[in-house]
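Both complexes below contain chain A, partnered by chain B and then by chain C.
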Partner chain A sequence: MEIIINPAGEHAAVVQLRGRLDLLVASEVKQRLAKAVQEGFRLLVIDMSDVSFVDSSGLGALIGGLKAARMAGGDLRLASVGAQAMAMLELTTLNRVLRPYPNVAEALQAG
Partner chain B sequence: MDRIEHNYELSPVPEEGVAQLHAALVAFWANTDIAPDIQIRFTIALAEVVANILQHAVVPGDAPIKLRLRCTPTSLEARLVDKGRSWTMPTTGFTLPADHAERGRGLAIANAVLDTLQYRRFRDLNCWRLVLLHRAD
Partner chain C sequence: MRVVSTAPTRQRLIDWGQEEWAAFRRGLIKILVVTNLVLGAYYLLWRGTASLNWDAWLFALALFAAELYSYTSSFLFGVTVFRLRERGEPPPAPAGLRVDVYITCYNEPVELVRKTVRAAVAIRYPHQTYLLDDGDNPAMRAMACEEGCGYITRSAVWKGFDRHAKAGNLMNALEQTTGDFILILDADQVPLPQILDRTLGYFNDPRVAFVQTPQYFINVPPGDPFGSQAPLFYGPIQQGKDGWNAAFFCGSNAVLRREALARTGIHFFVRDVERRIRRALREADTVIRRAQRKLMRTERQQIAPALRALCRAVSDARRELDRGDTFQEVTERFQRRVEEAARMVVAADLQQIMADLAEIQAAEAAEIMRSLHDEAVLAELARRDRSPLAAIETVRQLVPLLVNEAMDYLPISTISVTEDMSTSMRLHATGWRSVYHDEILAHGLAPEDLRSALQQRLRWAQGTIQVFLRENPLLLPGLSIGQRIAYLDTMWSYFSGVPTVIYLIAPVLFLMFGLLPVNALSAEFFWRLTPYLLVNQLLFAVISWGRPTWRGQQYSLALFPLWIKAVVTAAANVWFGKKLGFIVTPKTRQAGRYLGLVRWQLLMMVLLTVAIGVGLAQLALGWRSDGLPVLVNVFWAVYDLVMLSVVIDAALYQPPEEQ
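After this line comes the complex of A and B, so read on.
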């Protein structure tokens, strides 16, 4: 999986993920998200538009990133979530805490 | 649509086994007319069970995991057989962990998606059977 993190303001970053977000990469994704929060990006927007598949380990990595962001007083938001990832969020009811937004811009601007 | 059945082998090496699973599913779906939302649900469940096997039952060097995929006019079925460590099905069923948990959702998701999720130990084999009904009739 490719993980690209771009600043989007003083305390915000857009994290673009490309490929499968699964058991093979979950640990690395979680670490990269935690590192971004440590560097001061307490609002993380995950651009899911190029994520082809998410499994429960991948969801766990996003939960880990959410916890790190919340601990820093921020948030983690999902943008451009595809049908498979949305099905995972709904099956686990994690869409209540990992809120999906239509696109990156709306996720960044949400209150 | 007639019955379609294909057999595959998945490596016990996670990087290889996961890639082989997704390649097998792409090939399998190409031969069926299953609706995309049903494909998604079945793929989710099967990937979680395979992930469970790769993480907890087999280790690199073990025999390949055998996968049989079957599509009938009313159901999708997967059978998985591996020679890894045995596993104990929880007697209390599968429950989702708390929202903040980072692990422990895989088989609960599979169980929620499927109409049947069975596990049994037969001699030195772990045998999984997954069934999703895709048509009401």
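After this line comes the complex of A and C, so read on.
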């Protein structure tokens, strides 16, 4: 898994994930997201377009990032979610908490 | 080392193999369960309509209620064992699975844990072994290192947060290892080398979340003075639950699928967020309605429409949640409408607003935030006196807090000190399957003194009642009816304390004071009751099928003070936030005699003995002529004494000196 964090404004960052978001990388992803929030990026937009597979531990890492962002008064948003990831979101009903946005630009602008 | 085989062969009588006998037994159980329930209904209908002695109405009703409790127990038990499932040989374990073995420890002696660690490392199927040391003991770390076993303690993120005991210990490790399957062992459960080979095959079915195997203790002295073995539970009861896809995860000697834990954890995380939003909406509603009642005539025109708008906003938000809208949409819409309502008032009287706003300090926002976790505090906040304008402001402050739910998902349930049972119920509620594999694959150590044994029993009972009160299996969405009954069966059994007191007191009241709860011990009474009791015992015997269950029966009656204490403390904990007084079961023997621990049982035994003496003496002296009722009650009292006597043996038990 590759994790690339690009600033998108003073308090926002786009997090690009590439590869499998599963239990082997969940801890690392969670830590990187928390670190980004610590560095001042309260709004994290996760670009999921290059994520090939997500399992529940991977979703758990995103919840960890959401928690960190919300505690800092910000938010974590998903963008460009693929079919498999979308199915996982629906299966766990997590889409009620993490509403997926069609693309990064809309996720950055929303709310 | 197995005490009994599941089906003894009796080929001398009929030429049946094990299979046939097992099938015969399962059929017999079904017939007996139905017969038992029919006979019970036949007896209790008559008891309720024709036999109650209204001259002693309180006693009569109490005993009848106790009998209804028992009938419900046998109904739940009957349904549980109705579809007994004996799985036999497990499917072979597929090669190449990624498996972690967790050994949880807290304050056990290092050398005791070493035995478990050594055996766990030696498990045949390829795996990683980790010692999860919640005591953070350097000697334990050194031992793990010597034995070539991974060592995990709490990471820094737990500092300052609720540690959630064993559940927290497990979750901390789940974050740090990467196995797809996790074998969990208590520090004193020494695994056999084949434990994974015999259990992993069940996971070929991708819907299976966990496989539980029995907990069996090798240090139990002859006669099992503390009733440590649970041959009925780790046997027919779990097999019965398995038949309903409701086998319990029991905290040790079980293999779990990580994906199942994570997925169910997320599912319940989402449910929890929704519950918090609904709770906040409910409190907003209370605040608004109180404000409406307090409106003064002069304010009515300006403020009443705003409050009405808020009311509508609350009910719309609820409807949107029911519809399954995302939480963000619901809360954003709610926020907009609250702002609108606030603006309606602003237009009305700006000055008044400024005065009222001063009333609300930022502190209250923090208080509301905290109170979202605490039912009682939140209710108190909602009832607090406020001006109508302040009420609107309070509701307005609630909203951002709804959105900012700062929570984490928990793969292991933390609603109870028996995280195992609660977690398995959540797994079942999210559609996962479970397996009970009835083969001893670990050798455990049971508590070796009465105090420790009682503490362990108390903890199980408290944890079970916590689950019953917090996530009742009858209400939890997603469970099948059989699963609901299988969980309720176990929970219901822990409410037996008060009914037992009634049963114990009944012969005392009759023999000493002549109080009889039935209007006559007529022939009808006996021919309605006797078949019910006989079939009940027969059913129990067939279900036990050669497993020793007498000790367990004695303890379930004799521990009545413990069961009452468990219910009271667990209810105080769930409803009023009182501490449970939870203690980790000590693994080393505590010295001394323990008659003080069983004082209620002793008192009851004295009462029963005196009552027997009084009853028989009065009969012998010719002071009373009701010979049959006296004899029946004496028999009943003697039975109670035999059951209760188990705790005296246990309290006085002196283990043989060790070398």
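Assume the second predicted complex is superposed on the first by the 111 of 111 C-alpha atoms of A that agree within 3 Å, B and C clash if a C-alpha of one lies under 4 Å from a C-alpha of the other, contacts with A are read in each partner's own complex, and residues count from 1 in each chain.
Operating definition for what follows: contacts are C-beta pairs under 8 Å (C-beta built on N, C-alpha and C of every residue); 3 or more make two chains touch, one makes a residue touch a chain.
As the structure is a prediction and not an experimental result, all values here were calculated from the model.
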Margin query: Contact-wise, after the overlay, does A:F53 reach chain B, chain C, both or neither (first, second, both, neither)?
Written below: first
Next item on the list: Would you check which partner chain A:R20 touches, where first means chain B only, second means chain C only, and both and neither mean what they say?
Entry: first
Check: In the superposed arrangement, does A:N6 touch chain B (first), chain C (second), both or neither?
Finding: neither
Notebook entry, point to check: Can A:T93 be said to touch chain B (first), chain C (second), both, or neither?
Noted result: both
Next item on the list: Could you tell me if A:A83 is touching chain B, chain C, both of them or neither one (first, second, both, neither)?
Entry: first
Notebook entry, point to check: Just chain B (first), just chain C (second), both, or neither: which does A:G73 touch?
Noted result: second
Margin query: Just to be sure I follow: which residues of chain A are touched by chain B in one complex and then by chain C in the other one?
Written below: 23-24, 55-57, 59-60, 63-64, 67, 91-94, 96-97
Note to self: If we count contacts the way the header does, which residues on chain A are in touch with chain B in the complex?
What the structure shows: 20, 22-24, 30, 53, 55-57, 59-61, 63-64, 67, 83-84, 87-88, 91-94, 96-97
Notebook entry, point to check: Residues of chain A touching chain C in their complex?
Noted result: 23-24, 26-27, 55-57, 59-60, 63-64, 67, 70-71, 73, 91-97, 99, 111
Notebook entry, point to check: Mind pulling up the chain C residues that touch chain A in the complex?
Noted result: 175-176, 178, 180, 258-259, 262-263, 265-267, 269-271, 273-274, 324-329, 332, 403-409, 411
Notebook entry, point to check: Mind pulling up the chain B residues that touch chain A in the complex?
Noted result: 14-15, 18, 22, 36-37, 40-41, 43-44, 47-48, 51, 54-55, 96, 99-103, 105-106, 109, 112-113
